[in-house]
Every structure is written in C-alpha cells, then in structure tokens.
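Two complexes are shown next, each including chain A; its partner changes from chain B in the first to chain C in the second.
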Partner chain A sequence: MELKEKLVSSFLAFEEEYTGANDDLHKIRNQAIKDFETIGFPSRKEEDYKYTSLKSVLKENYSLFPKKENTIEYKDIKKYLIHEIDTYDLVFIDGIYSSHLSSTTHDKIDVCLMSSALNKDLYKPVIDNYFNKIAPKNGLNALNTAFTKEGAFIHIHKNTMADKPIQIINFSTGNESSLLLQPRNLIVVDENSHCQIIERHQSLTEHPVLTNSVTEIFADKRAIVDYYKIQNDKLSASLIDNTYIQQKSESFCSVHTFSFGGKLTRNNLNFYQRGERIDSTMKGVTIIEGKQHVDHNTLVHHIEPNCESHQDYKGIFDEKSVGVFNGKVVVEKEAQKTNAYQSNNNILLDDKATINSKPQLEIFADDVKCSHGCTIGQLDEEALFYLQSRGIPRKEAGGLLMYAFANNVLESVKIPEIKKRINKLIALKLGVELGFNL
Partner chain B sequence: MLKVKNLHATIEGKEILKGINLEINPGEVHAIMGPNGSGKSTLSSVIAGKEEFEQTEGEILFENTEISEMDPEERAHKGIFLSFQYPVEIPGVSVTNFMKTAINAHRKANGLEDMPANEMLKKIREKSESLEIDRKFLSRSLNDGFSGGEKKRNEIFQMAMLEPKLAILDETDSGLDIDALKIVADGVNKLRSKDNAVLLITHYQRLLNYIVPDVVHVMIDGQIVKSGGKELALELEERGYEWVKAEKAV
Partner chain C sequence: MAYTEDDLKKELETKEYEYGFYTDIESDTFPVGLNEDIVRAISKKKEEPEWMTEWRLEAYRHWETMKEPEWANVHYEKPNFQNISYYSAPNKKPKYDSLDEVDPELLDTFKKLGISVDEQKKLAGVAVDIVMDSVSVTTTFKKTLAEKGIIFCSISEAIREHPELVKKYIGSVVPKTDNFYAALNSAVFSDGSFCYIPKGVRCPMELSTYFRINQAGTGQFERTLVVAEPGSYVSYLEGCTAPTRDENQLHAAVVELVAMDDAEIKYSTVQNWFPGSKEGKGGVYNFVTKRGICEKGAKISWTQVETGSAVTWKYPSCILKGDNSIGEFYSIAVTNNHQQADTGTKMVHLGKNTKSTIISKGISAGQSQNSYRGLVQINGRAQNARNFSQCDSLLMGNKCGAHTFPYIEVKNKTGQVEHEATTSKIGEDQIFYCNQRGIDTEKAIALIVNGFSKEVLNKLPMEFAVEAQKLLEISLEGSVG
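Up next is the complex of A and B:
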C-alpha cells in the first residue's frame, strides 16, 4: 500500500483513540485529512520541489504508531543535549513524551506538552487563537495537522524572560523497523517577552525515520525569539521541517539552522511580518557529503512598512551531496522602507557536488532596499598557498578556510555553548583539528 | 643556504624565469631589483613552492637539499618564509589564532609538542610590542580590512614569530609610509644574524637605506643580468634600468 493510502486509512483508528474534549480540534483534523487526501505529498512537478524529490523517503513502509516501551536513559542521550547549561527540556522518544528525561515548568511560563494543551480547558483560548493559524494549506502541513498528538507547547506570558533556554529533542529508538514521526509544536511569545529554543531530531539507530514536523511560532509586540535547529542526524534519517513564524510590531525573531547530516533534509521556513519595525533573521550553515541532500526553502512576507529581514546561508558540499537554496522575499505595496537582505554562498569541493540556488524577489513597493547575492566557488588557491607558506598543511589550510567561511553565520548565535558545540561539529565535519575555538 | 641553479619556470605555458642563478649564504642580505614584469615576484613564489608555476628546468637547493618537489608547507617547515606582496584576507580567523595554528604546525612537523599557551602569549606580546603593533590588532581577523601598511607590518610580525632561516620579502616596502617603513626595516634587522639570510624583492632603493644589502641583483626579463654591491642600488635609482639593458646587449 502506498504511504498516502496507508495514512488516510489509519486516520479513523487514530481519531477513535483520541479522547480530546475539544470539538473544534476534531473538525480541524477531519478537514486536514480531507485536504491531505486531495493534495497528497508534493512532487517535483511543483516549482517548490523541483530540486528535491521526496520519492526515496516516501517508499518505506513506515510504522505510524510506535510501541510505547523504551529503555532509553539519560546517559544514552546526554551527548545530543546542550547539557553544559541549565535548560528546560522537552524530550520525546519515538514521538512519545518522556517525563523522566524532561524538565518542564508552569512558573510564569508554560513549557509543557502539546497533548495536555490540546486537552485542557485552561489552554483552550491559546489553542483556539493560535493552533493551525499560520501553517499554509499544503499536503505536508495537512498530514501533520490530521495526526497532531504530541509536541512542544510553549507559552511565554507578557513581560517575561524565559529564565533558561528550552530544548525540544525528538529521539527515535529504532524499536520499529521504520518510523514516521509527526511532532507538532506551538510557541506563543507574548508582548515584551523573550525566549531561546533549541530543536533537534536524532535517531539512535540506523533504522529509517521520516520526520514531518510542524512548528508555529507567534511573536507579539517587542517579543524576542531566538531559535536554533541542530540537524546532524544519521544517514538513515530524513527530516521535513516546516516552521512558520508570525511577528508583530518591533519583534525580533531569528532562526539558525545547522545542517550537518541526515539522508534528506528539507527546511520550509516562513516569516510573516504583521506590524512595523520588525526584524526577521534566518541563518544557516550546511556541510554535507556522500549523497546527502539539504534544501532550504525560505519565505519572508513583508506586509507593513519599516521592517527588515536578513538571510545568510552558507553551504559546503563534498562528494555527491546536493544543496538547494530557494529564498523568496515578497514585499507588499504597503511595505515601504523595507530593508531585505539575502545572501547564499557555497563551496563545492567535488565535481559531482551540486547546489541549486534560487533567489526570488517579488517587490510591489517602490521605496525599498532589497539585495540578494549568491556565490558558488571552490577554495581560493591563493589563500591556500598563503596558509601553506606559513607551514599549515594543505588539508588543514582548507579546513581553516572553510571554517572561516562558515564562521560569520555563528557570530549571531547568542548562546556560547551552542557556538562551541557548532564550532566542534564544523571542525569534526571538515576533518580538521584547529586547536582553538573561534 | 640557498642555491638556485639555472631555474626556468612557466605559467600557463609562458616562460617567466629563464635561467636564474643565485646563491645566498647564511648571514647575507640580497636584494633583487628590476622593472615591472621582470619575474621578481615569480622567483619568490617559485622558491616558496606555489603550484601555479611549473618549474621546467634547474634546481633549488636549500641547505643542500633539493626542494623543488616539496609542498609549500614543507618548505616553510625547513625555514623558508615568504612575505606576500598582497597578503590574503581571511575573515573569521584572528591574527592570534592564525599564529598559534602556524607555529604549532611548524612544531608538529619538527616533532615537537604544541607550544604551551603562556609561552605563546608571551612570544606574541614580545614580538608585537617590538613592531609597535596594538594589542587590539591581534584579535582582529587576519588581514581583514587592514590598511596596506597594517598588512605589511603583520607579515613582518608573522616572520618574527616564525623565525625563518630564509626570509623572502616580496615588495614589503610598497604602500608603506616612512614611519611604517622604518618599523618594518627594524623588524627585519632584528632577525638578521650570522645564521639567517634575507632576500628582498623591491622596486625602489629607499628600503635599502634601512636594510643594507650585501649583494644587489638586477633582474630583467626572467634573468639576473647584473650583480654588485649596495652601491648598485643607488646607481639604479639614479639611472634607471635602461643602461643595464644596454650594457647587456653589448
């Protein structure tokens, strides 16, 4: 049976098992499965998926409802967490919340579970206001919505700084021969509030995993949200990350995506600016090899005047790896004085490596500053010679240059431990020992 | 120390060096002067091992070892240093971190452990102070946004840190004002000893007022056509290169 049919026919059983009290949710889900049935999975015929085929990841016979038992302990997962600092942790194992590995709170901020938020009256106003409000209608979002069950629910109340970063970590154990995971996260940051979030998807074995994750983020006036995605999964794991952010006036939101591993990774990242003087920042470093595939598909929708957006994506591609950058910036007629900056720089280390880079600017306002630049190159021979002439061996010199190339993306990372972790991962990926941290 | 014998080199099939002979002994300072396009910079790049150039004939002996087939880093480990005419900008790597990496690469190649951090810092402080380099400068990205003079001074700083046996300075004087020139010359003079040698590549005589050469060579069209004492530099400054060409034609 095709995955699509299997999903559609499983929906009824899923709904029956679901005991939620919220009637509206039943309606949303039923509508979503109908939408998925009509739209289906995206194919390469669609412009947005021209360079990324999901075919190879959809052919597995995924298990949809994994067994509940697992024997994962903290020592098994510690290295995947930013454990050097104190954090709130939401840990999911095969899609199921692990209370003994997590640390939640309801003290001034809510860091808890989507399942409880969906079922408890206390959270109903938030769910009614925000759940499934900005994820655009497409096959993948509809599928996730239909099967929404678990994920992170984060609500930072007005005038509050989250006192520590929040980690959302999804593990897969390999207890199933192959597994489809669909986490659903909702993050609401009220006026004048601030939070930092770290997200990671990690399989613990070589069994195939496909994750179709949807995250909706709402930043109210003057809110600050910094989001870090660490993607360094096994070669058997694929991820379709759908993240949608709506910002109100004077809010700052940034998303850093570090893509170092996985079979296929597709990042759909949309920013919707609904207010003035908004700042949206998207940054990414991709370093892959073998037959790995990483696709960044971004959209910034400038709707009102005096807003900014910054995009800076860097990629290093070795062997037969494939990268895609498709960055769309829409500036509406009312969005005068928009300042939109986009840059995508790539290094290809092998004749067989590929990068497809496609900036798309749709500008309807006349008084705006919009720039975009894209470079694709090899390592600079003159710079290599310079470093070699100082006694640095060619391999290490290449590593140093690539490290320097990726580094400015790290400059805006505000959590030093993340910077260190990413530094290490980059050095490891490039196979160099640099003897220092930048 | 350095013996270059009948050296020929080409780039993209075009011959630039057409039979260079040059011998530099420990303790000596040699200057190579010549008009633009005579092959001076090519000679320095070929000695340092730049792969873009193909050495078609001849030998390069450094301390009696043929180095023609060696990678640039191996030549550096043996004690050859090239100060670049156009130092490369490397954003994201600080001068200090770059220096640590370079020094430890030398030590590793010579079978030594990494230099202890305090020793490294002390050395960096000493050398930078003697070259009147501001502390802030050391935490900046290598050559990134440096002025012409700062880049050249940074080259000399690297030289002072690496303490090479043979320092080749490729037009290190160009783009320097007189104060910077004095500091750079001072840095080079401090390195001079009976065991070290310096090869200066320059257009102008003025650097040679501060770093006094033992031998001056004139290079024209890929060959060394005349060699002499320091007074040759003055004569070249006064009369240009035409007379050397004419003399050679006779």
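Up next is the complex of A and C:
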C-alpha cells in the first residue's frame, strides 16, 4: 500500500483514539487530512522540489504508531545532549514524551508538552491564537497537522527571559523496523522576552526513520529568539523540517542549521516579517559525503519597512553527496528601506558531488538594498601552498582551510557550549587535528 | 448561447470550405487558424522542397501535443492560436503618402534618435520615390560578401539555393520539438535570415537585417540561422533602434547559431517592438528561442538591448560543447509602464576549460515587471569550467518589480562559479550631485542609467551603441518622480 493511502486510512483510528475536549482541534485535523488527500506529497514536478525527490524516503513501509515500551536510560543518550550546561529538556522517544529524562517548568515560562497544551483549558487562548496559523497549506504541513499529537509547547510570557536554554530532542529507538515521526512544536515568545532553543533529531539504531516536523514560532514585539538545529543523524534517518517564524516589530530571530548527517534532509525555513525594524538571520553549515542529500529552502517575506534579513549558508560536499540551496527573498512594495543579504558559498570535493543553487530575489519596492551572492569553487591553491611551505601536510592544510571556511558562520552563535560542540563536529567531519583547544 | 471551442472548430472547418482553400494559395493572406493544410500551403507558397515541407509538418504534429508554458514570471492573456493568420505576404503598398500623415509622436522619436528623413519615411511606411542610399549600399555589400564566399540571404532563398547547408544545420541547435514556441515557429516560419561564413573567413562588415531591405517585413515567425565554419568570424546585428509599429501581436522567432572549431559569432539585438499603450493595452508578445552551439575553441557572444514589447520571454543560450569554448551574454532589459520581461540566458558547460560570462542589467520603471532567469550548468565532464554572472537591477518608483531567478547546477569539483546580484534605486545623493551642477533630474537619470548600462553598451557595435544609448533615454522618459 502506498504511504499516502496508508496515512489517510489510519487517520480514522487515530482520531477515535483522541478524546480531548478541544472540538476545534478535531475540525482542524479533519480539514488537514482532507487537504493532504487532495495535495499529497510534493513531487519533483513542483518548482520547490525540482532538485529534491522524496521518492526514496517515501517508499519504506513506515509504522505510524509505535507500540513497544522503551527502556532508554540517561547514559544512553547523554552524549546527544548539551549536558555541560543546565538546560530545560524535552525528550521524546519514538514520538512519546519521556518524563524521567526531561525537565520542564511552569515557573514564569511554560516549557511543556503539545499534548497537554491542546487538552487543557488554561492554554486554549494561546492555542486558538497561534496553533496552525502561519504554516502554509501544503502536503507535508497538512499531514503533520492531521496527526498532531505530541511535541514541544513553549510559551515565554511578557518581559521574561528564559533562565536556561531549552533542548528539544526526538529519539527513535529502532524498536520498530521503520518509523514515521511527526512532532509538532509551537513556540510563542511574548513582548520583550527572550529564549534560546536547541533542536535535535537522533536515531539510536540503523532502522529507517522519517521525521516530518513542523515548528511554528511567534516572536512578539522586541522579542529575541535564538534557534539552533543540530542535524547529525544516522545515515538511515531522513528529516523534513518545516519551520515557520512570524515576527513583530523590533524583534530579532536567528536560526542556525548545522547539517552533517542523515540520508535526506530538507529544511523549509520561512520568515514572515509583520512589523517594522525587524531583524531575521539564518545561517547554515552543511558538510556531507556519501550519498547524503541536504536541501535548504528558505523564504524571507519582507512586508513592512525598515527591516533587515541576513542569510549565510556554507556547504562542503564530498563523494556523491548532493546539496541544494533555494533561497528566496520577497520584498513587498510597502517594505521600503529593506536591507536583505543572501550568500551561499560551496566547495565541491569530488567530481560526483553536485550542488544546485537557486538564490532568488523578488522585489517590488524601489528604495531597498538587496543583494545575493553565490559561489562554487575549490580551495585556493596559493593558500594551500602557503601552508604546505610551512610544513603542514596538504591534507591537513586543506582541512584547516575548510574549517576556516565553515567556521565563520559560527560567529553569531550565542551559546559557547554549542559553538564548541559544533566546532568539534566540523573538525571531526573534516578530519582536522586542530592542535588547539576550543 | 455561449461560443464554445466546438463552435470555433466548426466555423473554421466551414471557413476553409467557403474560401476553397487549395485554390487560394495566390492570395496574400491566409485564412485564420492553423492546421496541416496551412503548413503545407506556407511551404508551397515559399516553393520549398519536399523535405522542408515534411520537416514543418513534423514540427506541427509535435506542436499539437504540446502545452503553452506557464512557468515564466509574466501574466498576459494567452493568444488564441486558431485566431491568427499564419501567412501574409509583405505589404507592398505604402501606408501613407507623406510624412505629415504619420503619428507625430513617432516622428518625434525618430528625430531624437537622429534618423535621416529618408529612413524615417521607410520605417514609418511612407512611399519613397527617390532611390535611397542604403539600396546602393546593399549592392556594394553583396559584392564584397560574395567575393569572400559569404552567403547572406533570406532563409527562403537559402532553402531554394543552398538546400544542403540548410538541411544540415536547421534544427540542429534548436530542435523542432524543443519547446512550444520553437515548434510553432518550425511549423509556420515565414522568413528570416541565413548566413554562412566559409572556413577561415573574417566577415569584413557587420551583417545586419537592417540592410537586407529587399526582404522587408519578415513577419511574425522569423527564423535565423548563422553558420560559422572553422576559424571564421562574423558579427551580426538584428533589429533596429527605431520603434517598430507592427499589427502582429504574437512574435515567436527562433535563432540558431553554429560556431565550428575556433569560430566566433557575435550576435547583437536591439528590440524595440511596440510595448503597448501607457495604460498597458495592446503591445507585442515576444517569445523567442535563441541558442548557439560552440565547438572546440569557438566563441559565441550575445548582446541584447530590450526596450520594447509588452511581454518578453527570451533566453539566448550557449551550449559550450567543445573544449576551451567561450560563451558570453550581455543584456540590458528596460521595462516601463505595463511591460513585462522575463529574460536571461543558459550556459551549458559540456567541454573542458569552458568559460562563460553573464552580465545582465535590468531597469524597471512605471508598473512594469522585470525578471532575470538564468541557468548555469556545469556537467561532470566539464573540467575547469568557469562562470561569472552578475545581475543588477535598478528600480524606479515603487509600483514596479525586479526579480532574479538564477539556477546554478554544478556537478564537477573543478568548476568555479560566481554569481552576484544586486537591486537598488538611483541614489538621491547621485541626483543631488547632478542637480547641483545644473543638470536637471531627467537628464541626471539618463546619465546614471547610461553609466549603469555601460558594461553592456560597450559591447555593441559602434553605431548601434550610440542609438541604443538614446533609446534608453527615450524608453525611460516620464518615469521620473
């Protein structure tokens, strides 16, 4: 049976199982499954998926509702957590919340579960206001919405600073032979508030996993949101990450995406600027090899004047890997004085590796400064020679140069422990002995 | 009762019958609509050999199975292909008796471009009774060209007189089934130019359709084929800067360039078709397929200045097949009022050490939309391929739009690609600086726009460059403020 039919037919059972009080949710989910039925999964015929085919990941016979109990201990997962610092943790195992591995709070800020937010009256106003409000109607979003059950719910109240970074980690145990996960996150950051979030998807065995995650983030006036995505999964795991961010005046949002692992990774990252003097930043480092495929699809929608956006994506591609960058900046005619920068730099290390880049600008306002740059090239022979002449072997010299190439994206990372960890990952990935401690 | 497609079909069928189609070949204009008989009739009218007729028919049959493309960033009412007359002979009767009858606005533009009175008459379609200079010029040209063995004639003439050459190269770069409009053109092309430069010959002068006056009115489906044998060089000019008033709404031309080993083709276009009224009514739809193929060490250089047409859809491309070949694309696209342009280039790197350069300047004013759409593709075997692209857009007013859609596909680690694009408006400080020195705002803008487009204007042949510069000023007139 095709995955699409399987999903549609299992929806009924899923709906019956749900006994929550929120009638609106029923409506939303029923509408979503209808939308999914008509739209289906995206194909390469669509412009947005021209360079990325989901065929290979959709052919697995995924189980949708894992049954088996899991016995994961803290020691099994410690290395995947940023454990050096104190954090709030939301740990999900095979899509089910693991209370003994997590630490949540309701003190001034709400760091809790989507399932409880959907079912408790206390959160109803927030859910009504924000849930499923900015995710555009497409097959993948509709599918996720229809099966919305669990995920992270984070609400930072007005004038509050989250005292610790928040980690959202989805583990898959591999108890099922193959698994489809659909986490749904909602993050609402009120006026003058601040939070830092780290998201990670990790499988613990080599069984195929497909994650179709949807995250909606709302940053109110003067809010600051820093979001870090670490994508370093096993080669059997694929991830479709859909993140939508709506910003109000003078807010500042940044999303850093580090893609090192996984079979197929597709990042749909959309920013909607609804206010003036907004800053949106998105940065990414991609280092992949083998038959890996990483696709960054970004959109910044400048709707009002005096806003800025910065995009900086770097990629290093070895062996038969494929990289895709599809960045779009739209400037509406009211959005005068917009500053939008986009840059995409790539290094190919093998003749079998491919990069497809499509940096697009759509501009309707005249008083703007918009630019994009895209380069594809190799390491500078002269720089290599310089290092070699100083006794550094060619391999290490190349590694060092690539390290430097990727490393400057990290400058804007605000949590030192993450910077350190990513630096180590980059060094490891490139096989560089840095010879100094970070 | 609503008029349905079936009604139309019926009507067309009866129409054909009514006029006794087969006996009507002598008439100057064919009945509206398109079918195999029309294609055959066009071919017969042109006294084409059997293979050409068959070629056209194959194209037509394929066209029937195709759909009109919709991916371009332009919006327009689709032409009804059964409502067009696909052949009309050049109109020999002059439109006007004297210049006084011609639209004064048109004459004003001629004056600004510095076109001589005789030429003005010719362009506006006024009867000319004196022998114009350019006729004698043409004869001299023909003699010089013939001495060198260069063939430069209309494509119909070439099909009749040099069938072996045409047969070998036509459709070799743009296959007749390439895309919707190329297939349509292949089926019904009315006329066009053919140019053949023998081995090692450097064409002594700029070849221009402008001078080929004996074949006026090449019609709406133009077909151009330029073949440069090994080691030869030719510079070809197409179009002219003078505004062209044309009643044909749909123009679907095909241009094919073949550059053999170490040959060089320079192809310059100035397009200034009727852009429609200020309110966006009327205007020409310009859907063009232009492509060149480069063998070893060959070079193709496209230069275009696009100021006319209501809707433009044009991507002059280079297939860099041979090692060490070079492709270049220099473009200025100006859109004003309600014009829409979706233009750019494709550079396909197949051979080793191939190089390509793309410089594209878009200027949008009024309520126009101007898009750059380009593809740079470096294939697995194209070692050391190199590309540099630069797309700059200038916006005037906040009712227009400028868009960039570059596609970059690299499959080789030795490939080097750089792409950069900027969008901005004319700086207030720049205008202030000019005002301060006594240059009024309109002049200042013309000055700045010319500076902005200089890189491309420099690539045009001398006399063209001067006219193109003036053309830019005229196209942007009234867009200030």
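We adopt the following convention: the second predicted complex is superposed on the first by the 435 of 438 C-alpha atoms of A that agree within 3 Å, B and C clash if a C-alpha of one lies under 4 Å from a C-alpha of the other, contacts with A are read in each partner's own complex, and residues count from 1 in each chain.
By definition in this document, a contact is a pair of C-beta atoms (placed from the backbone, for glycine too) under 8 Å apart; a residue touches a chain by one contact, two chains touch by 3 or more.
Please read these numbers as outputs of a predicted model, since none were measured by experiment.
Considered on the superposed chain A, chain B and chain C are sterically compatible, since they fit side by side.
By the touch criterion defined above, A:99 reaches neither chain B nor chain C.
When chain A is checked against chain B and against chain C, the one touching more of its residues turns out to be C.
When both complexes are overlaid on chain A, the residue A:359 reaches chain C alone and has no touch with chain B.
By the document's definition of touching, of the two partners only chain C reaches A:378; chain B does not.
In the superposition on chain A, A:71 contacts neither chain B nor chain C. Once the two complexes are laid over each other on the shared chain, residue contacts for A:368 go to chain C alone; chain B is not touched.
Once the two complexes are overlaid on the shared chain, A:386 sits against chain B while remaining clear of chain C.
Once the two complexes are laid over each other on the shared chain, residue contacts for A:403 go to chain B alone; chain C is not touched.
Contacts of A:38 after superposition: neither chain B nor chain C is touched.
Closest approach of chain B to chain C, taken over C-alpha atoms in the A-based superposition, is 14 Å. Looking at the complex, you find that chain A touches chain C at residues 47, 333, 336, 346, 348-378.
Interface of chain B with chain A (complex): residues 45, 48-52, 71-73, 75-77, 81-82, 84, 87-88, 90-94, 97-98, 100-102, 104-106, 109, 114, 141, 158, 162. Residues 71, 380, 393, 395-425 of chain C are the ones touching chain A in the complex. Put simply, chain A touches chain B in their complex at residues 380-383, 385-394, 396-397, 400-401, 403-408, 434-436, 438.
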